[in-house]
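Take a look at the structures listed below.
Across the two complexes that follow, chain A remains constant while its partner is chain B and subsequently chain C.
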Partner chain A sequence: MTAVLQKKICMLGGFSVGKTSLVQRYVHSVFSETYLTTVGVKIDKKTVTLPDRTVNLILWDLAGEDDINSLRMTNLRGAAGCVLVADGTRPSTLDVALSLRQRVEAEYGPLPFVLLLNKSDLKEQWAISDADVAGVRENGWWVQTSSARTGEGVEDAFMDLAVRTAG
Partner chain B sequence: MEDLPASLAERLRELTYNERALAYLQIDAALVLAGAGGHLENYGLAAMRLGEPAVEQAFFLEGLLPLEETPYFVPSVEIDCGRAADLHFHLEGDTTWVVLFDVTAYRDATRRLQQKAYEMTLLQEKEAQLNRRLEEMNRELEASNDFLVRISTKISHYLAPQIFKSIFSGQKDVTIHTERKELTIFFSDIKDFTATTEGLQPEEITHLLNEYFTEMSAIALEHGGTVDKFIGDALVIFFGDPETMGTMEDARACLNMATHMQRRLAELNVKWRSAGTEQPFRVRMGINTGFCNVGNFGSADRMDYTAIGAEVNLAARLQAIAEPGHVVISYETYALVRDIVAARALPPISVKGINRTVVPYVVEGVLDKAGRKIEIFSEHMTGLDFYLDPRAVDAAAIERIRTTLRNAIAALDGRGGEDTPGGVARPDQESSPPKANDKAM
Partner chain C sequence: MTASPDILEELLRPPSGDSAIDRKALAGLLIEIAQSLKPELRGQQNGVHPGDLQLEQLRTLLVGREIETLSRLTGVVDDPERLAAAIGRVLPTAIAQATSDARMGHVLAPVMEKAAESSIRNDPSTLVNILYPTIVPAIRKSIGETIDETFQRLNQALKYSLTWRGLKWRWEAWRTGQPFAEVVLKHTLIYQVEHAFLVHRHTGLLIAHVAAENAVSQDPQLVSSMLVAIQDFVRDSFSGADHQGVDSVQLGELRLWSEPGPFALLVAVIRGDPPEGLHDTMRNTLSRIHAERHHALESFDGSSEGLGDVEARLRELVALGEHAPPRAKLGRVILLGFLLLLSISAVAWAAWWWHNQQLWEAYLERLRAQPGIVIGEAGKRGGKFFLSGLRDPLAVDPLKLLGDAGIDPARVETHFEPYQALDPQSVLRRLKVTLAPPPSVTLAIEGDRIVAKGSAPRAWLDRANAVAQMLPAGAPAFDFAGVINKDEADEQQWRAYVERLRAEPGIVITRSEAGDGKFFLSGLRDPLAVDPLKLLGDAGIDPARVETHFEPYQALDPQFVLKRLQASLNPPPGVTFAIEGDRIVAKGSASSPWIARARRAGSLLPAGAPVFDLSAVRNLNEGVLGKLSDAIEARSIHFDSGASLPAAGQEKTLDELAVDLNELAALSSKLHVVTRVTLTGHSDSQGQGTSNLYLSVARAEAVRALLKKRGVDPDLLQVRGAGPLEPLEAETSPAARLANRRVSFSIGFEEAP
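Presenting the complex of A and B:
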């Protein structure tokens, strides 16, 4: 039997930035307006067909980082990549995402990651400036706005990560 | 476990195995599933096939095998089935054991608490964000307000204070709209302004005129007049709009303003003369009371708040027939102020647009409360600056004034029939005004 290529991908970010919603959008093509906080971790699978192979992305949707929950670093064991998520309407969540990336890199070395500035559909409440985004991009990072509600940027982000982790 | 009483051991087995839905996976060195048991169905793992790679069947194991540390624990993991399990890993020789305990109830309880806490934090964040936005908006509002105040202060200099106030307080609409109102209109003009200022530089003329208008406008404001406009060296003021004290009081205020202006002008002439101005400003004034149209005239883009009508023209006409330094009022105004002025009728005139015969009155003096004429003597010309208000003279100075006047008359008598300087008398100076006109108010 041919071993199926599987990659563990961790969703990281502050609480209520939309990690679970992004996974729900990506895996099940659904979006719920109701906010339901994640406790521990929720694991989902999404099969991605690349030109030369098929990859199962095993998505670890980890509880959001905040004062109550500090990220359990051991949960990232064996991860092939990360999706960092910030909420574009709450600038402080970008700092949380960037600090998480630093901590993960300190523990596990450089991992492929994408940074999503989520909730791009809430244009009127958008609070992260273009200058801040440009500043992050200068590091050569893959940054994109996304919306779990409309699906904007979601498929691209996971596809990019699939290509980079499977390569 | 052997130490425990049988009942307790049995209860523990019950608690862990049944109530916590214990299940296990046994994985060999080749990461192949060697065994599985317990409540696998609780976690959606009922179809596990022994002898096949474990990670392909239980995808949550991806990345975790072979085990790097033992024991290894991942709390509260939700797999497809919706139930939450604590995953306990440990190594025994080459065998990796994975034990699953159901923690769904615990997960749900924690979620409820966490949800409340997060919603609270989100609300606080939102509140802080709104407050910041509010402060920002307040700052913007203050800035625009400051800007508006600066602009409106600038605009205010182009409008009569009363008009400015009524527009900026929202009392008056800025639309083409006029009202018919009974106003007392005042016109003044500087006699021979061009000739008077002939020898002056344009800057000096500007300065002189600005000082004159500033002083006169302040007096107008003091008496409640609305400064309508400056036309060259002429001044137009009306009483009765936007605020009125009643037709009679408006007319009296206007007359008092006119006499106040003449007094101030006498003082200014002394000042200007000593500053080098050769000729004094001599101003004629006309006052009329009647119904006019007052309001915004012009186009929707460029309006002027002013009064128009035949009665306004009449005020201008009365001003034109006044002798320099004097005030001429219409009968309509005179009827309203007769108890406070001494005035003499002039021959009737007719004015275009006014059907009645107009009788002008030249004001000869203001009456005090007892009806006595208050005389003020004022004359200004080359070689003479004369202003005497007997009421204002200090008793101790009376004798000194008498002496000065006597000496002055003697000096004039001694000069006899000598020619005026330059040989030709100026028209203003040569003909002495009618006798009554020797006295200003």
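Presenting the complex of A and C:
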């Protein structure tokens, strides 16, 4: 345990963007969903093996809030990186994700972020244009479409974060 | 700041004037340049003067800006305020940069100490205000824990102070010299530190974790983060204060104690009941870890490198615990023993149950035989016997019989409805309770009857009679004819007495009763009738046993009327009363006032009373006395005008008067009549009123004295003066005046006292 590296990663996103179900299948989880509704945070672990070392990403899954002011900022204290999740079928959630990021950076300075545009399996309802995605990406963002159903993008996102935070 | 004063002075020293410039050399240089440009100038005289203005112009041209900047700087440096402002602008940056230099701290320390010292000297409250928020919670927490620990010790010490174990521990305390409370704690606080987490406070990441051998837990990395999240949650939600997290959580048997350090949080998961002193131990461990690995903790970034030996410290903590003394290592032996015990108790229980059942049956049998008890239902319910039925309140108490039967009354529930048993025994029992027969009476069952024998007072017999009539149908008959009335003799005496009293005139008996050895008598009684109580003695009855109440009334019986008349009229000796048929007849002689009074009394007699006949009473005033008094009153003695002695020639009249008066006195005493003779003196109307009044009195006195001289008892004679107020005739002539100057006589009879 002492040989591995740990990093605190926060998962943020608007209400019902599927952030919890997104990671459910890919993380080590011991706490139930009720923590999210009671304590407002649920902690999971994702172990990423890099060529030279193993990184344990301690994932702080923060309760989905559309009202970014009610985000409990203490939970973000000491975070090494963030996973922002937006719902690809609801463009408003992208705005929420972007403003969440702004709020976090205002408080804790620049952090490695990855943005997951979730529910990529719902192609016909997809509402975020490629242009929007390109725009975000041009700002130096790591953007990835993802799907809780297919698992698309999830592992990549964590791998990216592991590399960026452990570097 | 490190610059010494001389360097500053060097900097600030003003330029030493123009002397610093070698003008001569400069002029030479310029001429040389000019000559090299124009060789024809070589021949000319060195015409440039050191004081030439052109030189000055040239200097301005070449270094004019520098001179200006320099003078500005000099201005700043010369003016202390501007200099201070300039340095102030860069000072924070300078200090920030100098911080990396280790010397900075050394240099600043004495200054800071001085500053703090003077600040405290000026106003200590400033420092107090600064330290208060940090020191007070720490002190409060420390005091709180000490109090908790004290209470814990006290509680345990009290709890065990008088038990066998307690005595054993006292022995141990005495032997080892430890305080008793500590020995108690050692034995009673069974606990085990199962996990120790060292958590990075800032990130919530796990630095180190050690678990006891037998402890199980979820992924410690997740647990530590969650602990921090929950602490944050509680802090954000409830406490508000920055440094007050959750330092103790209890969940059933498990306790979470957390100790915050500057960088790391030490969390112990404890099973059982730890002593409060464990807080101190944890705090010590944490501060040791901080002291040893200060830098590693401060720069912790998720890698546990350089923190490997922290685990050893945590392991010391996890090794802590106080275990329950091993009971018996051979669990199987215990199990076997337990099973054996179980089977023995099962057999014992069965035997006990059977025995109880036997006792119960015997008890029921006995209870059924009891008169006045009817058993309806009997059996077992919920491990208890129950019994219900009817019970005469006077029957034996079923619960009392339980003791005799050897059954614990607590195991029996009974419910009996009260009823009235009619079997002879129960009826006999009830009669004994209700009648409370005196010792002289015995009650017994004879066949289907209850028979009373002996002797009893009348009152008891009356009660027995009432009870016998109230017995319900179907009950045995109650025969008390054989009981002799103890009060019979008394009652006969009483009846005789009442009979006698009834015969008495002037007594009417309205109620006479005998009971409980006492007699009651009430009615009407004429005050002149015989006293009933006086008759009691003759009848042989103790007056103390008799209560009488008589209302007074007036009896119309002739004898009583006679008595009452005699009492009220007080007849003179010459008068006698007698009953003649239905009349009361008075006989004899009396004065006319008495006769008048007697007549009045007779007329006031109520209707139905006998007639009071006064016709046979002779009026004294109409006999000899009357004639005598008429003769005396007809005379008068005359006086000359103004004279108090009788006029001449009246001796004969006086002599005759004396004879008549003496005769009157003799007759009066014979007839028991008091006679009063009044001599009234008169005057004519001539002369003074008062002197006439005196004169009239003197005339009456003179006649009295003359009559006394002639042998008349002066006590018989009364004297009064009327002056001219009672003239015999109107004074129209001297003859009339003469007639008015007189002493007249009047006679009255009174009854003898």
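Note that in this section the second predicted complex is superposed on the first by the 148 of 167 C-alpha atoms of A that agree within 3 Å, B and C clash if a C-alpha of one lies under 4 Å from a C-alpha of the other, contacts with A are read in each partner's own complex, and residues count from 1 in each chain.
What we mean here is this: contacts are C-beta pairs under 8 Å (C-beta built on N, C-alpha and C of every residue); 3 or more make two chains touch, one makes a residue touch a chain.
Keep in mind the model is a prediction, meaning the values are calculated, not measured.
Visitor: One more residue to check, A:Phe15. First (chain B), second (chain C), both or neither?
Guide: Only chain B; A:Phe15 stays clear of chain C.
Visitor: For A:Ala106, is the partner it touches chain B (first), chain C (second), both, or none of the two (neither)?
Guide: Neither partner.
Visitor: Considering only touches as defined above, state whether A:Arg90 meets chain B (first), chain C (second), both or neither.
Guide: In the superposition, A:Arg90 contacts chain B only.
Visitor: Which partner does A:His28 reach: the first (chain B), the second (chain C), both, or neither?
Guide: Second partner only.
Visitor: Quick check for you: in the superposed arrangement, does A:Lys7 touch first (chain B), second (chain C), both or neither?
Guide: both
Visitor: Per the contact definition in the header, classify A:Ala131: touching chain B only (first), chain C only (second), both, or neither.
Guide: Touch status of A:Ala131: no partner.
Visitor: Classify the contacts of A:Leu36 with the two partner chains as first (chain B alone), second (chain C alone), both, or neither.
Guide: It touches chain B, and chain C stays clear.
Visitor: So, does A:Thr74 touch the first partner chain B, the second partner chain C, both, or neither?
Guide: Both partners.
Visitor: If you lay the two complexes on top of each other, which residues of chain A touch chain B in one and chain C in the other?
Guide: 1, 3, 6-8, 35, 39-41, 43-45, 56, 58, 72, 74-75, 77-80
Visitor: Any idea which chain C residues touch chain A in the complex?
Guide: These residues of chain C touch chain A: 200, 202-206, 208-209, 218-223, 225-226, 229-230, 232-233, 235-236, 301-305, 307-308, 311.
Visitor: Show me the residue ranges of chain B that touch chain A in the complex, using the header's touch definition.
Guide: 52-53, 55-56, 59-60, 62-64, 68, 72-80, 84, 107, 110-111, 114-115, 117-119, 121-122, 125, 129
Visitor: Taking the touch rule as given, give the residues of chain A at its contact with chain B in the complex, in rising order.
Guide: Checking each residue of chain A against chain B gives 1, 3-4, 6-8, 15-16, 35-37, 39-45, 56, 58, 64, 66-69, 72, 74-75, 77-80, 90, 92, 127.
Visitor: Show me the residue ranges of chain A that touch chain C in the complex, using the header's touch definition.
Guide: Residues in contact with chain C: 1-3, 5-8, 28, 30-31, 35, 39-41, 43-45, 56, 58, 60, 72, 74-75, 77-80, 166.
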